[in-house]
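Please find one structure pasted underneath; my questions will follow.
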Amino acid sequence: MKNMFKLGIVLALYATAACIGLAFVYSGTQKTIAERQQADLEAALKELFPQGDSFEDITGTIESPDSSVAFSSQYAALRGGEVIGAAIQASGPSYGGPIVVLVGVGTDGKISGAKILDNQDTPGLGANASSATYYVDRANKITFYSQFAGKSISDPFEPKNDVAAITASTITSRAVASVVKASGSAGSVWLSTQTGGVR
Amino acid sequence: MTLFKIFISALLIDNIVLMRFLALCPFIGMSTDEDKSIGMGLAVTFVTVLATCVTWPLYHFVLLPLGLEFLQILAFILIIAALVQLVEFYLKKAAPSLYASMGIYLALITTNCAILGVTFDNITKGFGFIEAVVYAIGVALGFMLSLLLLAGIRKRIKTSPLPSFMKGTPILFVAAGLLSMAFMGFAGLVK
Amino acid sequence: MNIVLLTALFAAALALILGLALGFFKEFFKVEEDPMVAKIRELLPGANCGACGYPGCDGYAKAIASGEADVTRCAPGGKATVDSLCQLLGVSASATSIVAVLACQGSKEHAPVKGDYIGVPTCRGAKISTGGTKLCSWGCLGFGDCTMVCPFDAIHMGGDGLPHVDYAKCTGCKKCIIECPQQIIKEVPRERKGSMVICSNRNPIKAMVMKTCKVGCIKCEICVKNCPEKCITMENGIPVVDYSKCTSCGVCVAKCPTKVFKMLQDDIITDKKDDPKCPEPSEVATGDVSAGTAL
Amino acid sequence: MATKTFKRGLSIPERKHATEGHPNERVPALKQVVIPIHQHFGAPNVSIVNVGDTVKRGQKIADAKDPGPMTVPVHASISGTVKKIEPRALSNNTNGLCIVIEAAPEDGPAEHDFMPPMDPFTVSKEDALARIREAGIIGMGGAGFPTHIKMSPPAGKNIDLLIINAAECEAYLTTDEVVMTEKTSQFIEGITMVMHITGVKQAVIGIEDNKEHLVPMLEKAVAENPRASGILVQPLKSKYPQGGEKMLITAITGREVPSGGLPMDVGCIVQNVGTLVAISEAFNEGKPLIERSLTVTGGACKTPKNIIAPIGAAVSDFPEDFMQVDTASLRKIVFGGPMMGVAVASTAVPIQKNTSGILLLTAKETPTFEESPCIRCARCINNCPCFLSPVLINNALEAQEIDTAQTAGLMDCIECGSCSYVCPARIKLVQRFRVGKQRFRAHQQAAQKAEAQNKK
Amino acid sequence: MKRLFKIFANGIIRENPLLMLMIGLCSALAVTTSTANGIGMGLSMTFVLLMSEIVISIFRKLIPDSIRIPVFIIVIAAFTTVIDYVLKAYFPDLSKAMGVFIPLIVVNCIIMGRVESFASKRPIIDVIPDALGMGLGYTWVLTGISMVRELLGNGTILGLQILPESYQPILFFVLAPGGFIVFALFISLNLFIKSRLKTPEEEQA
Amino acid sequence: MAQNEGRILLSSSPHYASPVSSRRLMSNVLTALAPVSIFGIVMYGVPALLTILVSVASALAAEALFRLVTKQDIRIKDLSAAVTGLLLALTLPPSTPLWMTALGAVFAVVVAKEFFGGLGANVFNPALIGRAFLVMSFPAAITTWHQPVGFGYALTDAVTTATPLGITKWGGTIADVGANFAAAGLSSGSDYWSVMKTLFIGNRAGCIGESSILLILAGAIYLLVTKTIDWRAPLTMIATTIVASLILGMDPLFGILSGGVLFGAVFMATDYVSAPITAKGKIIFGFGAGLIIVLIRKWGGYPEGVTYGILIMNAVSPFLNKLIQKKYGFVPKKKEAAK
């Protein structure tokens, strides 16, 4: 019995030592991780709204119009204190699981850009949705996601129609298109409430 | 996702062995015959569910509130290792016949990716407790299914005139590859 | 710093709980086991194949520990297992060991065939359907059934159409002896001295023996008459040596007109240089791990 | 009458035309015969004569050391002197002791040493059975099982039907047909004798419809025999292996002999035509089984015929003007039919009591093929008359899984060869099964021996 | 020195953990869809193996025998967590691509096996070449497999277009079945190399 | 006798053999496939012809080369590789680039068949593995379909289109199929029965060999009459497809006339090597394959599930082979034991 306690305590000592070490590593890296995530987010938002000078977290204010598309976080893009657009991080079901897209919409009712944050679809097929080297229009170097920039939210967003689809990946193409459409229109509606009417 | 979808998806579509490449060591090592496959499958099912029942609450009620998520790996693996040991002790005493048939597999389970993988999945996929348990069962049965199928194939290739460079393990991986191709048919079954 | 403290507390608590629980369970569910069984079990390959005739490796381990079984029964483990078991138990497996000796010299060159055989190329197959392919129906059929069953890879077909035992490897497991449909592989004590008749042809008619095999026993009984110790008798058509009397004088070997006699230690069990005692600990092979997962 | 048959079965090329309807010809006097001392299924015989002895036709020359139930004596088939007693190659390709008798110059059918005739209808059952044993009668259909044993089932077995195996389903062979044509009355009498001795009230003659022309004749003979009652002639659809007793019983009665069982387990006794004729002769003439009718045919046989030959005669000893062999094209010598028979190395192998035919075949008649890989076509499964799964048995044997082989039916195989015949990959299934069966038994015996030793 | 080199070389082919011992297979197949992943995984694993072996070798005399396994687990898990967080912080893309397989290093049988059979019995000087040998043995196989898969399945290596643009990638290779079959061919190749390597050595012996 | 003793053959009984050899069975299949192959060529012209030739040639060459390199006897004479090659070609769209076809055939023969030990040893159906490989590797090329153009016209002139199953998979109805047919001038009308008639004749877009139900049935009858195939697996497979379609509310007639069910059932579920060998096993095989096909059609990621239905059941076959037939004399013994 005594031996048992002794061993238990030795084990506990090792565990404690290891964990304390980990705690330091954690607190050391955690800051970097958080900073990096923040920086990534800002960079992404900045990419969507190059004119924006600050971004405000407005998560929770916009509701998804499409039951299969879920909104996780939302940001308002400001320029000199004035709202110039909204960015929505949304996810919808695709071939290999939910696909997460950051969609920006401007006050002009046009998509300012879409950025695919997470995509678990098949490499070489659905995964091309987020690839920077897969062009739907090779001549103009337009990637799948970059084709959304400048599209009007009143468009039908139908792959193989007004959206160029990824070869042999209709499912992925549709998923992205519908996420972009849902986010865009919801963002647009919200924007209209901010500025008191369509410009 | 409904529970059924979670189950089917874990069992077939994202089959832990054939589609996600987890638990390959026992997949190759323990599929020599059907009895072993079933024994191992049952042992894994049992331990996976048990591990889920312990680690899920631990994460959600202890680690997360205390801000100690970074201890997840350490805590989970320790708990699984201890659980396997406890079960082994218990079975040896309480059910020697069950131990004789299942016990030999228990020792192999501590280092089985599937179990740790499932406990991590439960967290990353954001499952509730019941969902986590169903998922665990689905994964473990999927593991057993793939083991059984490979055992059947192994039985057939036992007397086949394999080319020399395929003898032994290589052919098992080829068989697993073709099996995985067949399972591709389930892709997209549940969206 | 708060997090470090919290971590320490959590880790200590977790480890203590687990450690104590384990210790407690271990005490509580203790099962008495013969430590020897566990040790033996460890040395067995764990294939649980049942080749030894016991229910799995555990069963065999128990049988060895209780002295019920000898250490040579594990086929998958091969020599390495036998050696390590010897070492553990401090016994010598080979002290009383036997080896397999083929009692036939009817090689392709010496024993003519009686027809083209079309069929399953196994000794038993040929024997059942056509009584073998050679004119001599007592001798080796030459398809190597014996070589298929040897778990120690100790018996191989030679170019002469006869199996040859590698005495450095043969453990005397008798698998080949049981398998041979002609029953012409004989068990012979490894250390036995003296001469042996390497023929199984029991045909009493000299002319017929000569027609069927150039090196068959033609029942001339010269050996019986010439043996100075009078230790050779004809039994059921074949000369038999009484080893309690045989002095290895070699007269029979010299006199036999068809060269049927051979000296066991000089002509047959020659490559026995593998020391029959247990090897040194460092030599105990651990075996190829990948072999365990092979088919 | 409607033809009956069993499920499955093959239609094989019959090739009976060469000897069909040919009358039996008696082999001219031979210079010597080589009589195997042991021809039956059971305990071994020893010679009871010595080299140099003179023997008479019909004289007992070999019997068991201790004439127990499973033994049958052997008789001299010609009169003469015992020249040698030595091992010779036999028709089952083993070497067995044979008594070589050189014919006395004055040998003739007149000179013989037969037993006195006996009336089976008046003597006791024991005496009748003893006579059948003394006459050296064994099953002439192939297996060589002692007939008197077959006729005395153990207590508790209720036999209600005698089946006469006149199927002759093997290709080439026509001997049963000739015997039935020529010795019709003896044949029917044999049936009545067996029925009387065993007390069976019903008998069915199973005859394939390629011999349908014999049916009226047999029915007439039955009607003419005053003792013959309850004897039915049943035509059967010609199919291989109808003559296998299990198939025959199923064809005629619909009963299935249980796995591992014997015909008597379903109340039947099966006897070959020749056996019944031999029984009738043993009673009426006191003549032991010293000669039999058989078919010698095949592409390499220039003079195919049905013959009556003394036991121990060899084709190589037949006079040139009686039997001519085309040695140039002779490729295979088969004792028995092409499906079940045994290929032997020379024509000097002696005829035995259970030799129903000798085939001298050319290469064209017996094509030989290399084995190729099994394509798992399941033809063997679909054609096995015993509903076994040959390919699975074979796989299991290859994998050394004897239990699996057992479940798939290894020990139930009647070795009819249908599976090998149909196999497109030419896999020698039956041969492997024979090996497997024997290995299985050998290993069982070795294990028992080892166990017995361990116990000591 | 020669001895140390021998220990190091052992893990590269002769006792290569993946190809010969058949352990630690999962990560080898799962993450090898791109070369970067393969190298990343290999090095992460080498790091954990090296650090665990060193620590355990140092403390080997202080670890009570009956609780050695839990202690090993703690050490390995600690280093796995370290690499997990380091990757998350500095190589977020790689970390994301390898997903759950980084934490799963903790159950990689190679580490436990080496720690138990080697580090817990040997001084630190032996341990370092062993860990490096095993780790690199693991890494080269991963790199090899991932290069083949990325090249054939995507036409690139490390993201650089190697095959001409007109090459139509054979997606099979980046999908699960392709992983199995490429791995099978690797084992086969290794067995072949081993059989070649063995002959001269055996002749000497 | 002595002089010819050396020439006497010794062998085990039976000394007879049936004339049906492995090669004969394979050529039976080739014969049965001839009409559908010709129909495919007539519909799509040279591309179909080339696909067939390349596939068969690559399969034969791959087998011969592999066995040469691995020092095994070359046995392409048994024609099984030719059957594999032909079947693979017939399950591909006519526009498949020839190098892809060749790659698929090589993969089928080498990986699925020869790695396992060649004829008789493969676990999975080689032709279907070849198809699955191509679908997986080049999803775009293998799902590009053309309307039949008739022999002599270049395929590039033809309209790319969806196959009937493809139309219904993505939300279309049978009426849409009819419209598609009518637009391409393939059927006289767009009503239900003229759609079915067109499907039966086979004048529609699809794989080279799958479309003409009429000719597939002719092949099936030939194979059944020559006793090359067993009726169990195909029949249960088709029956299950019908019943399951009905239950899931899909049109059963359309279900079996469109897509590759019939072709798969007749030529691929009957593959000796990869399907079960026992009668009961075959029935369950057909049932399972039919069920998986319908499930994939209804909910899966592909319009058609024949490939995967059969491949998955191939994997289950070793277990189905345990369902052996009732042995002669087996039951009475059991009863006795019970007593």
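Note that the chains are named A, B, C, D, E and F in the order they appear, and that numbering of residues resets to 1 at the start of each chain.
We take it that a contact is a pair of C-beta atoms (placed from the backbone, for glycine too) under 8 Å apart; a residue touches a chain by one contact, two chains touch by 3 or more.
Since we're looking at a predicted model, the values are computed, not measured.
Listed by label, the chains touching chain E and chain F alike are A, B, C.
Between chain A and chain D, the least number of touching-chain steps is 2.
Taking each chain's centre as the mean of its C-alpha atoms, the one that lies farthest from the centre of chain C is A. Centroid analysis (C-alpha atoms only) places D farthest from chain E.
Separating the centre of chain C from that of chain E, both taken as means of CA atoms, is a distance of 41 Å.
Distance from the chain B centre to the chain E centre is 22 Å, each centre being the mean of its Cα atoms. For the pair chain D and chain E, the distance between C-alpha centroids works out to 70 Å.
Residues of chain C in contact with at least two other chains: 3, 7, 10-11, 14-15, 18-19, 22, 114-115, 118-120, 125, 128-130, 290, 293. Along chain A, residues 7, 11, 14-15, 18-19, 22-23, 25-26, 30, 95, 125, 171 each make contact with two or more other chains. The set of chain B residues that touch two or more partner chains comprises 28-29, 70-71, 74, 78, 82, 155, 157-158, 161, 165-166, 168-169, 171, 174, 177-178, 181, 184, 187-188. Pairwise, the chains that make contact are A-B, A-C, A-E, A-F, B-C, B-D, B-E, B-F, C-D, C-E, C-F, D-F, E-F. Within the complex, the chain D residues that touch chain C are 84, 86-87, 89, 92-95, 342-346, 368, 428, 431-432, 434-435, 438-439, 442-443, 446-447, 450.
Interface residues of chain E, counted against chain F in their complex, comprise 168, 170-172, 175, 177, 181.
Considering their complex, residues 1, 4-5, 7-9, 11-16, 18-20, 22-24, 26-27 of chain A touch chain C. Of all residues in chain E, only 33, 63-64, 66-67, 70-71, 74-75, 77-78, 81-82, 85-86, 88-90, 92, 96, 153-154, 169, 171, 174-175 touch chain A in the complex they form.
Of all the residues in chain D, the ones that touch chain F in their complex are 10, 12-13, 171, 246, 250, 256-261, 266, 316, 327-328, 330-334, 336, 338-348, 359, 361, 366-369, 372-379, 381-382, 385-389, 391-392, 407-409, 412, 415, 417, 420-426, 428, 430-431, 434.
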